[in-house]
Amino acid sequence: MSVYRLLISCPDTHGLVAIVSQFILEYNGNIKEAHHHLDEQNKHFFMRIEIESNSITCSLDDFRDAFSVLADQCNMVWQLSDAAQLKRILIMGSKASHCVADLLHRGHENELEGEIVGVLSNHDRLSKLASWYDVAFKKVSISQDTKEADMNKMMKTVDSFNPDVIVLARYMQIIPEEMCVEYSGKIINIHHSFLPSFVGANPYERAAERGVKLIGATCHYVTANLDEGPIIEQDVVRVDHADSAEDMKKMGQDVEKITLAKGLKYHLEDRLLTCNNKTIVFS
Amino acid sequence: MSVYRLLISCPDTHGLVAIVSQFILEYNGNIKEAHHHLDEQNKHFFMRIEIESNSITCSLDDFRDAFSVLADQCNMVWQLSDAAQLKRILIMGSKASHCVADLLHRGHENELEGEIVGVLSNHDRLSKLASWYDVAFKKVSISQDTKEADMNKMMKTVDSFNPDVIVLARYMQIIPEEMCVEYSGKIINIHHSFLPSFVGANPYERAAERGVKLIGATCHYVTANLDEGPIIEQDVVRVDHADSAEDMKKMGQDVEKITLAKGLKYHLEDRLLTCNNKTIVFS
Amino acid sequence: MSVYRLLISCPDTHGLVAIVSQFILEYNGNIKEAHHHLDEQNKHFFMRIEIESNSITCSLDDFRDAFSVLADQCNMVWQLSDAAQLKRILIMGSKASHCVADLLHRGHENELEGEIVGVLSNHDRLSKLASWYDVAFKKVSISQDTKEADMNKMMKTVDSFNPDVIVLARYMQIIPEEMCVEYSGKIINIHHSFLPSFVGANPYERAAERGVKLIGATCHYVTANLDEGPIIEQDVVRVDHADSAEDMKKMGQDVEKITLAKGLKYHLEDRLLTCNNKTIVFS
Amino acid sequence: MSVYRLLISCPDTHGLVAIVSQFILEYNGNIKEAHHHLDEQNKHFFMRIEIESNSITCSLDDFRDAFSVLADQCNMVWQLSDAAQLKRILIMGSKASHCVADLLHRGHENELEGEIVGVLSNHDRLSKLASWYDVAFKKVSISQDTKEADMNKMMKTVDSFNPDVIVLARYMQIIPEEMCVEYSGKIINIHHSFLPSFVGANPYERAAERGVKLIGATCHYVTANLDEGPIIEQDVVRVDHADSAEDMKKMGQDVEKITLAKGLKYHLEDRLLTCNNKTIVFS
């Protein structure tokens, strides 16, 4: 059963749920799932509605046109997508393979509601892995001396994949602000710490040094502020005094790959909305 | 801000969300929070809607009367309650005090959306604890020889408290079927295992014997089938080979009290619906 | 079965385990449990050994005297205690009661390997709770204007309890450096965040603002550096976009009380050693 | 730094730790890590000692011969292995690829202390995956009609790999008793439920039907009693009313692969001992 997904974010006004559900009913739409959230502090309302595609009496484009009139009246930021239209996923990695291998395997097993269109890296190491899974691989080296030119080349390569979502699977390079803006809300990163702890480099070393009893990973949208974007998902794993930074790194890899996959899944299924620097996750 | 809470369970039909939200809008009701769930297997729809009490233009009784007409048309099982009307909680315990003490403390600190009206036990041990918290205590002994008479006395005592919800906080006696029926959907139990593992007596001993690596607790509604009622909440804690059954019992007590408190909270806030032998938790 | 507990921390040298276990055997001691840890980075060795008290052929004092000779040879920092000798626990709280009530109840149920000798607070609110549990209560107000004098009075009151361990159960005041030094390794605090995230005041508000998906609590030894002492235990609980700072505070209270109780238990059972700013937990 | 690992299981007697550590010291052995556990119920003692290989003054064989004399005196069941000697791992799978792919990737990244020598399946589906990772693949079909002959062929194929450990990565066939005996303590299975819940087939369907709030996976040694062998590791993940059996199956796959990898790691690092039907995990 295929569905359309309507995501709405707007100032709270009286009768919103009734207005929207009435509109859908006029087009004979059958609501399969609906989530609502009122942010009381900001008086802002958020909705996610799944409508059976077949129940709608007109084309998606016509339905979209009609809805846009209503949306304008209510000052909505909104998005209406067809779940059958798979999103194009670009994976960006560096040398570490755990997250990339996990995502490629999920793609291969049709676990993702999306199509992995490429792997882009600043190193060769992931090339063989990508080719195993019949996924295009591009390498764009980034060197300290020619960073600006390299980054420009990288961004052009990214554009050439025409991605709907970019997954930083331990890419290890800071994304240029220009790209953060162009793909705003479309770049997902996995940070190898329980943010806001250990922002920046070498989080496992610093976790070991601080003697924490749980380490974690954080999946978040990328913004121009490093490791400060809206958090999508987090998880932790228990460690103890016998675990070195190296042990933590290994244990953390499992948390990283699961947490990234979970965050990406939410994005692919249009379950994420943002409000200021926070996410609403309609899971 | 006080709210009315509308809980609906009905066969899935076209336009349900629109119909209900339209109805609420007619009475000027402002929806603060709404949850929907379609059980696709059973083609059954579930809703929980929080409406700002002040926004409704008539009395709760009139609103209820009006809604009942709509409810009949859609074959709804439903409930409309005023959150300001605190539920009457009766705690039933035996000798163990961890769950009872935890609930009494939460009641005392106004953490519960309800009023603890009494503690009923088959032993004296909890009497002092209840009196500390200024909660009525009743003892009804249950002896093997006079069980039927004792149980009848117990049930009369329960009725005398006129409870909206009964919490079995490690009561350790099997509840008569008659009482299960009378208070159907209103008796909450905490079982000291991760159900369906270790149904029945001595779950910690059996967990230790089986060598499990996690032990748990299960909060569920009580039905005539022992430990088989709809599960509300579960949680676990890690154990290892060095933990004896006695250690597990102690560690498990923390899981029991937290899990019971969470399950009770869902019930008090009208977040629970049942479908066959399962719960829908709109948390 | 009563036990002596030997805690050792010393530079790593060849044959340490053999030397110590040989020594114990000479006194006919039966080892019930033994933990070892080599910190490879610092070349430092840590041991915890439980010896059946009855098996030792001399008095504890004689055994201690004999061991001190060996300890000096190996440059050991060590401690030999009799588990039957209960530690004196002083609880310090402010207004919030969840941790204090939980600890008092555990004390009352003989769950703690220690004796709660008093509750000290800068407010009256916990007085009734302490008296319920027949535990001495002392109030020492702390006001901004007379802070130094108040703190001196507080410290004298602490001393008057002659505590073996001081539990800051949400005390909310910064402990004077002088007291941190006097009771070094004997003051346990519960911080209401997953350290090192949200050091300092109002962690739940800041967690809500940052939009984290897990909140936590950290039990740690108190040092002169606020919230920077060695971490003993941490735990987390899942939150989502619908949870306000106020909700998080309530949910966090359960994590706080369980985590504090666990950390205190480790301390009371002599399971904790420190190395630089980290703890070794022989659980 | 390479190590020898000594695993000991024997009746508890006086001075065991001293005797063993004294013996190691006589051969100049440096103990890097040591774990002890006394099973009080069974009066049985368990030890795991890591000794720096270089510190021992004779060959491993001579050390082993010498130790065997001591071991006989104390009625020890014991094992002394060289960590540098990688264990040969045989993976057995069926159609599902999540666990197999995860293990192969870990092998490829040198995360496992062992060498994956082959993948054996009753279907073709995993063949390509194995060949990607340059691991030998063998298919032995199992059909209902010729089961006995097929199983014999399978067992011969297993033997041909000369495995030190066999990992059932969702193999889905019941292992013949004969093979359970031959490879006793060397076959590791992942069961897709939180045992002892949902022993046998279709655990996710049954979990969904029962309405549990957590699902899990169990890594255990295989014995002739289906799903009844000693549990090595377990973990769980939270589900809710909106998750179908199909959703649970997908969510459970992540728990399965992580839990299996963790259990295998313990085995490869000689961290597991068994006592009756339970494991001691010296992690």
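When the chains are written out, they are named A, B, C and D in that same order, and each has its own residue count from 1.
Keep in mind that, in the parts below, contacts are C-beta pairs under 8 Å (C-beta built on N, C-alpha and C of every residue); 3 or more make two chains touch, one makes a residue touch a chain.
It should be emphasised that the depicted structure is a prediction, and the values quoted were computed from it without experimental measurement.
Comparing the chain pairs C-D and B-C, the larger number of C-beta pairs in contact belongs to C-D. The most distant chain from subunit B, with centres taken as the mean of CA atoms, is D.
In whole angstrom, the spacing between the mean C-alpha positions of subunit B and subunit D is 41.
Chain centres here are Cα means. That of subunit B falls 36 Å from that of subunit C. Residue positions of subunit A touching 2 or more other chains: 33, 37, 242. Per the touch definition, subunit A reaches subunit B in the complex via residues 14-18, 21-22, 24-25, 28, 30-38, 55, 238. Of all residues in subunit C, those touching subunit B in their complex are 33, 97-98, 101-102, 105, 109, 111, 132, 242, 250, 254, 258, 261.
Here subunit A touches subunit C in the complex through residues 37, 40-41, 194-198, 210-214, 216, 230-236, 240-242, 244, 275, 277-281, going by the rule given at the top.
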